[in-house]
Amino acid sequence: MEEYTVATIQVNLISGRSIQQGVAIEGGKEKPAYRTAAGIIELDPSDLKKLGAWKSTNVRVTSDYGNVVVKAIETTQGPHPGLAFIPMGPWANTIINPNTYSTGMPTFKGTPVKVDVAINEPVLLGIELVQKSCGVK
Amino acid sequence: METVTITMKNPPALYLEADNVSPDAFAGKTAAQIAELHVYEGNTTGTLGKYFDVNGNAGATAAETKIVVKGDVKKVKYLGFKMSAGEVVVEGSTDLYAGAWMTGGKMTVKGNAEAFAATAMKGGELVIEGNAGNYLGAAYRGDWRGMKGGKILVKGNAGSDLGMYMLGGEIVVNGNVDVHVMTHAEGGRTVIKGNVNSKVGGQLVEGTIIIFGTLDVMMPGYKYVDDVELEIDGAKATFAHFIGDTGERHKKKKGQVIYGNLYKKI
Amino acid sequence: MTKTVTDVICPFCGTLCDDLEVVVSDDGKQLLEVYNACVIGTEKFLHSQSKDRVTRPRLHQPDGTWKEISYDDAVEYTAQMLAKAKKPLMYGWSSTNCEAQSVGNEIAEMARACCDNTAAVCHGTTLIAVQDIGIPSCTLGEIKNRADRIIFWGCNPAHAHPRHMSRYSIFPRGFFTGKGQMSRKMVVVDPRVTDTAKMADVHLQIEQGRDYELLNALRVALNNEWLPDVVAGIPKEKIREVADMMKSGRFGIIFFGMGVTQSLSKNHNIDEAIALTKHLNEFTKFSIMPMRGHYNVTGSGEVFAWQFGFPYSVDLTRGFARYNPGDTSSVDLLIRGELDAMFTIGSDPGAHFPISAVKHIANLPSVCIDPHLTPTSGVSKLHVPVAFNGVETGGNCYRMDNVPIDCRKVVEPPEGMLTDEQFLIKVRDRLKQLKGAA
Amino acid sequence: MSEYVIKNGHVFDPVQGIKGDKADVAIKDGKIVTNAGPGAKVIDATGKTVMAGAVEIHAHIAGPKVNLGRIYRPEDKLFTCTPTRGMERMGGGNSIPTTFKTGYEYAKMGYTTAMEAAMPPLFSRHVHEEIRDTPIIDEGAFPVFGNNWFVMEYLKNHEIENTAAYCAWLLRATKGYAIKVVNPGGTEAWAWGLNCLSINDPVPYFDITPAEIVKGLIEANEYLGLPHSMHIHPNNLGNPGNYTTTLDTLKLAEGFQAKNKFGREQVMHLTHTQFHSYGGTNWGDFESKAKEVMDYVNANKNITVDTGNVTLDETTTMTADGPFEHHLTELNHLKWANCDVELETCAGIVPYIYSPSISVCAIQWAIGLELALMAKDPMRCFITTDHPNAGPFTRYPRVMKWLMSAKAREAQINAFKHKDKVLSQTSLGTLDREISLYELAQMTRAGPAKSLGLASICGGLKPGMDADIAIYNINPDMPIANPEDIEKAFTRAACVFKSGVEVVRDGEIVSNGHKRTLWVNAKVKENPQVMRDINEKFLKYYSVTQANYEALGHHFVPNPYAIEVDAVQ
């Protein structure tokens, strides 16, 4: 197995739509397919390298507002070094900046986050994640 | 000047709208009558007396009435709403719309004031000894007629969208300011003694912004002209003088284009 | 034997495609095939047929299980909750028809509630900008027939509005655009090299969060004024080139999305984009249009506006309508702890609000009306499944350009299921009794 | 349905020529009857004025641009919103009231029928949803035709029959009432940022002139024999010196005769004439040409007009005249909204403040009043504010005060900052005419009803007509001491009936009535070519399918009143 050093990287997080996320929410948010589509973080190859993570390893993404485990994948809409993308949904919304600047609109795009490899931690299902965060069974 | 002191005794479960807490609404009333004035918690209507102890009678007119607000009013909105004269002193922190639509008199908030303080202010004076929230001295949504006159002093920091659509008057912030200052303004002056984030003076038609601290990103619509010596509140200093927003429309006076002015301390 | 329903409207995104063909079983109970829709639209129609679908209201039990109850019990629970609440929020409305929205407004008026739609986390900041500076726009057919300059700013139709480019904006051959794509120049502004950006003549890979500066720089360029060497990561030469490209067209359009409405500056980004559009009308003809998300979020804004005067974030608690995002907007109301009940319909704040806001929903008496299982239903006390609007019931909807289109019913809902409107009418009538009694 | 008899009121009814004599008006089954039965409820109107319900011939009260106005002007609602009260839903807004407030305010002033003056066909569902939510008053809507691709292509070759067949199809598809023309050709030109400022400016690409469009639509209108005439907002609105364009436009009606079974006599209705009666070459030498325009109108029976009175308020301008609104925002720099509509039309919106301290606004105010005061035939000149363009319709009582009282006009003139300009640039100061109650009934009831082809249904108190009746606290036997009393009386009627239902009592809403949507169902003989053309345009150029365009189900028009027209001959 090839040597690699695990590091923490700092990136600027944005969230937004992807067609896979769109299909998954219509397919059912209780299904694993939703997690596969939106429980991910798209990173630039250079950032993946810095992180020292293989494609499709689980990572913990942490911001001032919370942290969440998602699967790190190589971006299909890059290059965008220093920028990370989590499709809109509960995973992104666990860590984005809720500040509305009194406009009603949270800051879904542009949250500084740090990413750590978390190979052994599970990515929760969408509904499961929200219920857990809210202390609801 | 008669003084009415209201003290929070039963804090609301939700938030309280106290737009009747103004010298204008109190004027000519006894403590008992003032206690009967309406306040609103969600969709329920109550009396001021249900939530506050009321002591002292008001003066005959707003100008002769001073209101002192004691106790925890962090969840009370609209204190000093539409006041035209007299005085309001809030001893702690308060919520949204402190002194909103005020046209005269003096309001002092010894703690912090949340967003929309002095919305569409026309005159008088608002002093916030703590921090101010977003949209301080800004216009109401959709209105191109923002702060027209009066003076606002913030001893702490202020939030974003300060002085949006400002037409006149002055805002002074001793601390730092977040993004967006005097957007769309067509007059008035803002002095920032501390630092300010980006987006300053965007779409500014006319007006003056003076910055003592740092400004992280200057709008591309601001063009350096020269260095000038300015005296602000007795303090002399040299400032880099910019004009803008050069992307925006501007009036002409005697063939001369009138730009907005931004001064940044060197 | 099967039959084909034509001119079907797709109830997914604001593109509101109205040319779908759906094959249904002869008894009209089963939906078999969907033609002309994008993958998302197709999935929406087909998922309505899933066997594991919840078809009766369910009460959330403390142990996490759900207790099935009748629609009448669900009506009673909902009406009682709204009757008792001092400051309920009735949120969502974007995935249901205008008829249901109208009944909802009657309920909100009686309950003196706050009402809001998904613009709150989508194009609400666009509405604020429109209120500050206006909006020169047009219908999508105008783009198809005339537009030769297409700018996608902070939006990614290839993913979010899959048929937009083929139906309206890039490929169609219109009356004055006979060469289709060949007669158009396409500019994309996005911090990522999106699948939309890959198709563009020019892609400005902007520094995230600096849209306001770049839009301002384009206006500075239009005025032939001095520019810094680089703005938002884009060299000034490129900025002047794009400004000239915009000016030189006969009919231009800026489409924008969440990239600007949800990034720092929010409403100001749109404000400056609209100012740029207005500015361009001094040189040529230019329009601007928000890429609205939910298929009927626009309709919700329209109904709110003609009935209450404001397009979203309306506060009726004082008995009359008030509006001021920051005070009356859902996310602020939740995070500030201003509410004592939550009513959700036709949307999923549990998935699309910041978690700090969702935690408040979980702590309130709450009802969630949604055909799907969602994070919102997962944290609500009562979940009321209903028929799929646009699939199992029709009703009016508004496209992203405000064009009204009457949705079609293509199949019957499962036995005994109510539509949004039917359920809301029962709640309204019960609430009337409760308020009358009070 | 209950019976009523309104006793001892002073009745003003141009339809029967009753000029204030004491008379009883009886109501049965929603209609006016000669005698009510013994059980009839008696309404004592002693010392009061009784008229038919008023008819609004031109206002922008429902549809996409009206609602965009609401959406983008929260400040128009600030501190104006009213709570639910008995029958009344919440309301709000000054210049662009919500639908509920719109219905209530009209009813409280004694208006019972109103026409939405510009319906973009593609948005007809929206217009009808708002009409449905506007209580009490009967409403119709005018689809716009003056920049429609079909119309321009047919009229380029003077194909009147095809134009008529298309108009009939569109009226049916949109549940429309009449043929409306706004800035003919100019709005299509605006799609390229251009305009047509005279009736002879060619329309880009379409190779036709505004004059040809106007004449052709007059012919198509009379070919069909529609209840209303071609209803026009001409080219060159709002510009100094535009009265020549207006006269050129009016002259296009020469030689045309009204052909219809509704008793309508005009072939052209010129709307908001105030905006089209300007002299001068710029805002400096801006002056009134009301006399020139009204001299022509007075001399030509085949024309009716409405005034478009400026009310000196902050308001919201909105029109299908897209290029004008762009021109306006360049002048006042206030927020501009615009929407170009594929193949059909456009709309623009800009807030505007008619300030008494600005001479141009004061002159505009005077011109509107001059027009009405110079009208020789009150049956052909109607009072409007082109709501909300020259002012909100809620100001009608104030306009009536100015028209009925020279004293009130003088007071306003003296209050202007530029009184001298008003006196030098207009002739208002020399006009001492005071509109009588009978003339007012002509200008706001019988006249507009006749012009709309509704003379047998509303606008009068003749037995057999709908029982739309307004009772006002005005005693014609008493001299009016204070002009303000006129405004007060017309602001809140003492009592209003709509189709025999008492909807207003002492100025308060007591019933939401059961409003109707008026539309015109014109039958023409099969026209395969036109249907082919329609089919082709939808396949190639529209962004919706023809089937979805034509779908306008019962839920949009729950209570329709179709006026049948047979042009199959």
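Note that the chains take the letters A, B, C and D in the order they are written out, and that residue 1 is the start of every chain.
Rule of thumb we're sticking to: a residue touches a chain if its C-beta (ideal position, glycine included) is under 8 Å from a C-beta of that chain, and two chains touch if they have at least 3 such contacts.
Being a predicted model, the structure only gives us computed values, none of them experimental.
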**Prompt:** Which neighbours do chain A and chain C have in common?
**Reply:** B
**Asked** Looking at the contacts, which chains touch chain B and chain D alike?
**Response** C
**Asked** Which chain is most remote from chain D in terms of Cα centres?
**Response** A
**Request:** Select, from C-D and B-C, the pair of chains that is joined by more C-beta pairs in contact.
**Result:** C-D
**Request:** Give me the ID of the chain with the smallest distance between its Cα centroid and the all-protein Cα centroid.
**Result:** C
**Request:** Starting from the mean Cα coordinates of chain B and chain C, work out the distance between those two points in Å.
**Result:** 34
**Asked** Using CA atom averages as chain centres, what separation in Å is found between chain A and chain D?
**Response** 57
**Message:** I'd like to verify one number: the distance from the centre of chain A to the centre of chain B, where each centre is the average of its C-alpha atoms, in whole angstrom.
**Reply:** 40
**Request:** Scan chain A for residues touching two or more other chains and write them down.
**Result:** 101-102
**Message:** Touching at least two other chains at once: which residues of chain B meet that condition?
**Reply:** 115-116, 134-135, 140-142, 144, 179
**Touching two or more other chains - residues of chain D** = 72-74, 76, 335
**Asked** Linking chains that touch, what shape results: line, ring, star, complete or other?
**Response** other
**Message:** Strictly by the criterion at the top, what is the full list of touching chain pairs?
**Reply:** A-B, A-C, B-C, B-D, C-D
**Message:** Considering only the defined contacts, which chain D positions touch chain C in the complex?
**Reply:** 62, 64, 66-68, 70-74, 76-77, 81-84, 89-90, 92-93, 98-100, 122-123, 125-126, 129-130, 133, 191-193, 205, 326, 329, 335-343, 346, 349-350, 540-545, 547-548, 551-553, 555-556
**Parts of chain A lying in touch with chain C, wherever the complex brings them together** = 12, 14, 16-19, 22-23, 25-30, 65-66, 75-80, 83, 85, 88-90, 93-94, 96-98, 100-110, 126-127, 129-131, 133-137
**Message:** With touch defined as at the start, can you tell me which chain C residues reach chain A in the complex?
**Reply:** 12, 39-40, 43-44, 47, 50, 60, 62-64, 120-121, 124-125, 128, 156, 158-160, 162, 191-195, 197, 205, 208-209, 258-259, 261-264, 266-267, 293, 313, 325-327, 329-332, 335, 348, 350-359, 361-363, 372-375, 378-379
**Touch list for chain B against partner chain C, complex** = 13-15, 17, 40-44, 77, 96-97, 115-116, 134-135, 140-142, 144, 165, 179-180, 183-184, 198-199, 202-203, 217-221, 223, 245-248
**Request:** Report the residues of chain B in contact with chain A in the complex, numbered from low to high.
**Result:** 115-116, 133-135, 159-161, 178-179
